[in-house]
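Same chain, two partners: chain A is paired with chain B first, then with chain C.
Moving on to the complex of A and B:
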C-alpha cells in the first residue's frame, strides 16, 4: 500500500445523533493529503465522534466519508485503510510489545513481520522493549507503542484520539514534538483530536475548532489565533479582550468605533460582523500581548495613530517572562494585558492610572450577537 | 538536656520495627487469619489426618479397626473400582465441556450485549440456587421421564437413535443412561462456569475490541485473538469449579442413572454408609483427591495462566 496516495479525508454532510441528542451536526470537512490536522474542542463537542466516524467505529446518521476517492461510509473498521491511536492506548495486555505492533500485519496475512516490527520499534525508540508486556512500560512508552502499532500498517490516515491526554505536562510537550517528527518522517495524513489548544497549535498545520457539534472555524493555527471569527474561538484559543463597541464611521480602510467615552480604529477587513453600517454594535477584540501599558504621566509619548484607552491597574502578577495585568477601564471592567519583562516600569502597580495603547491593525471585530463569554468557561473546566 | 545525658543506654526510638505500635500492626494479619485457619484446622486438616489413618487400618466393625499400615487397600481399591474413576472423569469432563459450550455464549452476551438487562440475567443465572440441589436433580427425573415431552420430542427428531448408537442412551429412554447423568451434572454446575466467565469477560476493555477491528481483525478473529485469550482466567476458573465437584458428585448418578452409571462418589458413599468398609472408602477418597490434583496441576500448567490471573 502506498502511503502517499489517497490520504485525503472528505466528510460530506456527516452527522451523528443519539436519540434526541445531536453529537455532530451535519458538517463538511476536507483534510488534505499529508497534513497534520487537529480537531480541537472542549469535551462533548463532537470531535471524538467525528474521528470515530472516520475510523468506522461509529456509523454516521447522515452523510458520507471519503478516503481519497473511495467511499468508506458503510465499511466496517477492519476494511478501512485507517488506523487509530486510542485514548489510553488500548494495547493488548496479553501480548508483548512485539506482538502488539505486529498485530495488524499478521491480520493482513503478512508472513515475515520481523524486519518491519524491528524498524518500527526503532522509529519510536523502543528497540529493547520488544518482549515486555504493555503494563511493564511507562505511560509515554505505551503511547509510543500505540503509535507504532498503528503506523506499521502504513495507513492512508492515522487517527489520534487524545493520544497525549494521560501523560503529564512535561512528557506531553516532548511527545508533541516526537509525533510531529514522526509525521514529517512518514508523511501520512494525521487527524488529531484534542482539547488542548496549545497542543493543537504546536502540532497541527490546520486546526478545526469544534463547539457543540459544529465546526466553528478552520484554518492555520496562526490565522485562527490572529483572526478569530467567533467569540468562542477568540476565547478558546488563547485569551482575548472583547470590548462592546458601536460603529460610528469609516476612515480609509478602517472602521471607527465608539467605546465608552473613547474611540478605536478597526481594519474593516478584520471585522467579521454581519453588518458594518454606522450604528451597528460589534465586539472589538484585542489579544492581551498586543497591548502596551503606559503610565498616565507618559501619555504624550504615545504615537497618534494608535488605539488608546484609559484605565486603572487592578491587579498584576509577575510570571517570569512577562507580567500579567488586569486593567479596569470605563468600557470594560477587566482587560488583560501581558507585558514582556524587558524594562519594567515600577510605577505600574495596582491603583496606578494607565493608558493602554496598541496598533489598530491588531484589533479584530466580531458580531455582537454572540455570547461574549463563549469558550471561556469550557477552557477553565478542562484545565 | 541532663535527662538525655543520664539515660542508661542509647535507645533507638526511631527504629520502626521495634516500636510497640509496629509490633501491634504486624500482629493484625495473624489475628485476621485466625478464624479461617482455625476453621480449616478443625474441619479440614483434622478429618484429613483421621481419614488418612483410616485408610491404612484393617479390621472389622465388630472387632474394631487398627492401624496396620496396610497399603494394599489402595491397590485393591484401584483395581476393583478403576472403571468408576474413569467414568467419573469422563462424565465430569463431558459436563465441563458442555458447560463451557453453553456458558461461554451466555456469559459473553451478558457481559457485552445485555445492556440494562445485565443484572436481571445475572440473577436468573443464580436463580436455581434458591432451590436445593437434591430437588433440582429430582426435577430432572421428571423432565427426562420415559414418554415425557422431552424424550418423545427427541425420539421423534430421531436424535435418540443417534445417541444410542454411540452408547449415550439406551433404546427409547434417556433416564437411567449416561446422557441423563451428564445432563444433570451440566445443569447443576452451569452457574459455576458462567459466573467466573462473566467476571473475566466483563473486565475486558471494550476499546480492545475496537482496537482489534481497527487493526484489520474480523469479528471472529477479534474473538480468537483478543477476547478469548483475555477470558482465559475465567475459562480456567470455570472449568475447575465445574470439573472438580462434578468428578466427586454422586447425587446425579444416584438419581438419574443406574448401577451401570455409578461414579466413584457413589462407590465411596456406599462403602462408607452401606458396606461399612471404612478403610476402602478412605483410600478411594484419597485416590480421587490425588487424581484431581494431578489433573488440575497439568491443566493449569498447560493453560499457562500464571501471568494472566
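Moving on to the complex of A and C:
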C-alpha cells in the first residue's frame, strides 16, 4: 500500500436507484490524488450514497469506480484499498481503543502491530487511552480514534461520512483544523461528505455541491462562493441576495439591468444566464457583505460608478463582529446586508431610509428560469 | 410523628427488603430442611439437625440417575435451541424472505400456548409417527419449546446492534466470516447467553411436557413429583439447595468479573 500512487478516484457515469427512487443520477467525478475533496449538500442529496459506492458498501446501478488505474466497481469493501470514518464513528464497543485501531492491520495478517498502533495513537493525541473502551471516551476523542483506525491502514483514499456531525460547534471547528493538519501530514486523498457549507469551505481544496442526486457545481471554495452558477449554490453556500432584473443594454464589458425603477451594472462574464440579449430576464445576485449601507442623507458622498438601490431598514441584529440588516427596497422586499462593526452609524436603525451601494464587479447574474428559493431551507432542521 | 417520618424516609429499603424476603424465604426453608432428620416418610416437620443427607446425597434409589439425565437433556437442549434459535433470530432481524411474517408469529406460539395442550399434542404426534418415547422425544420437545425464548432474547439484541459496525469491519478488510466471528458474534453474545441460560433453566425443571413424552424414562422433576406421592427424601432438599448455591455463585462470579473489568479499564 503506497499512499503516493493510485490515490485518484474516478467515477464514470455512476448512479444508484432504489426501486423507482433515484438517489444518484449518472455522475462523472474525478478526485485528484492527494486532494481534500468535499461532497456538500443537504440530507438526501445523494452525497453519502456516492461515498458508499466508493467504499464498496453500496453497489452502483450503473457506471464504474476507478482507484488510480484499477477498476474496483465489483470488489467488496474488504478488498478495496479505501477506509471510511463513519458517521457516529462505528467504533467496536467490545474492543478497547488499541484493538479498534489495530483491527485493520490484524485482518490483513500484519504480525507486530504495536509500534504502528502506538504511533497512530500519538498522531491523534490519544497515547494514554489505549486500554479504554470507546464508550469511556468523549465524542471528540472517539472521533479521533475513528480517524486513527482508518488511517493506520494507509489507504489510498480516506472517506469521511459527516465525521464531525455529532460534535458541538467549538469542538467541530477544532477538529476541522485537526483533520486538515492530518491530511497535509499524511498526504492521502480525503473525500469528505458534509451538509455544513462552512466545514466544506474551511477544509476542502475542491467542493462539489450536490442537490437531488446531481452535482450542481464543482470548484475551489472561493470560486464557488464568488461565482455561483445556480440559485441553489448561491443560497446554499453562504447567503445571497437575488434580485429579479431585466437586461436593458450593454456598456463596455457590463450588462445594464433594470431593477424595479433602478439600474444596476453586471460584468457580462459573471452572468451565467442562457442568453444576454436585451430584454432577457435574469437574477442579479450580490452577497450581503459586499453591500455598503449609507443613510439617505449621505447619498451625495457615494461614488458614481457604484450599483445603488434605495430602501428602508426593516430589521437589524447585532451579532458582535457585524450587524445584520434586513432592508426593504421597491425591487426586492428583503435584502440582507452585513456591516462590519468598525464605525457604527447610529442613524441606521429600523425605519431609517438608506441607500445600498456596492462595486458592480461583485454582482453575479443567474438564469431566471430557476427556483429563486432553492437551497435556502433551514439545513440544521432536517438533520 | 417520628415513626411515620422514619418509614417515609426508608420506604424504598423496606419495600425492597419485603420483596427479597418473599423471594428468598422458600429457598431458605428448602435449605433448612436439607439438614432435617425426619422420623416418617415425609420431610415436612422439623425434627432434629442432621448432615446425613449431605454426606450421602445419592442415598435414595434412582434419584441421581434422574438428576444426571435431566442435566444431560438440559445441556443438549440448550445447545440445540441456542444454535438453531440464534440462527433464526439473525434471519428474522437482518434479512427479508418469504414467510418472515409467519415465522415471526409462529415462533411465539410455544410461549403463548398452554403447556399441557402442547404436551398432549406432541405426545400424539410421536405416537402416530411411531417414535418410541424416551430420551430423544424429551430432547426434541425441549428444544422445541426453548427455541422461542432463545429467538426472542437474541432477536432483541441483534435488532439493537448498529449495522454500521459490521460495515466498518468489512471496510477494515474483514471477510464476511471474520466480520461474523470478530464483530457480530461478540456483540450478540449477551443476547445469546441470556437465551441459553433461559433455555437451560426451562429444560431442567420442565415437568408437564416431559411427563407426556417420556415413556418410562424418569427425569429429576418427574422423580420429585413421583416421590412426593410416597414420601419426600431429604436428598431432594440437598439437590435443591446445591442448585440454588451454584446459581447464586454463578451470578456472584459474573458480577465480580464485570466490576473488575470496569475497574481495570
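Points worth noting:
In the analysis below, the second predicted complex is superposed on the first by the 378 of 383 C-alpha atoms of A that agree within 3 Å, B and C clash if a C-alpha of one lies under 4 Å from a C-alpha of the other, contacts with A are read in each partner's own complex, and residues count from 1 in each chain.
Everything that follows uses one rule, which is that a residue touches a chain if its C-beta (ideal position, glycine included) is under 8 Å from a C-beta of that chain, and two chains touch if they have at least 3 such contacts.
Treat the numbers as computed from the prediction; the structure is a model and nothing was measured.
Under the clash rule set out above, the superposition-derived model of chain A with chain B and chain C contains a clash between the two partners.
Residue contacts after overlaying the shared chain place A:344 against neither chain B nor chain C. By the touch criterion defined above, A:70 reaches neither chain B nor chain C.
In the superposition on chain A, contact is made by A:136 with chain C only, not with chain B.
With both structures placed on the common chain, the touch criterion links A:181 to neither chain B nor chain C. Legend: residue contacts after superposition of the two complexes on their common chain; A:250 is shown touching neither chain B nor chain C. After overlaying the two complexes on the shared chain, residue contacts for A:88 are found with chain B and with chain C alike.
55-57, 76-78, 82-84, 86-88, 90-94, 103-104, 107-108, 133, 149-150, 153 are the residues of chain A that lie in the contact sets of both chain B and chain C, per the superposition on chain A. Looking at the complex, you find that chain C touches chain A at residues 162, 164-165, 167-175, 178, 182-183, 186-187, 264-265. If you check the complex, the residues on chain B that touch chain A are 205, 207-208, 210-218, 221, 225-226, 229-230, 232, 307-308.
Of all residues in chain A, only 55-57, 76-78, 82-84, 86-88, 90-94, 103-104, 107-108, 133, 149-150, 153 touch chain B in the complex they form. Of all the residues in chain A, the ones that touch chain C in their complex are 55-57, 76-78, 82-84, 86-88, 90-94, 96, 103-104, 107-108, 131-133, 136, 149-150, 153.
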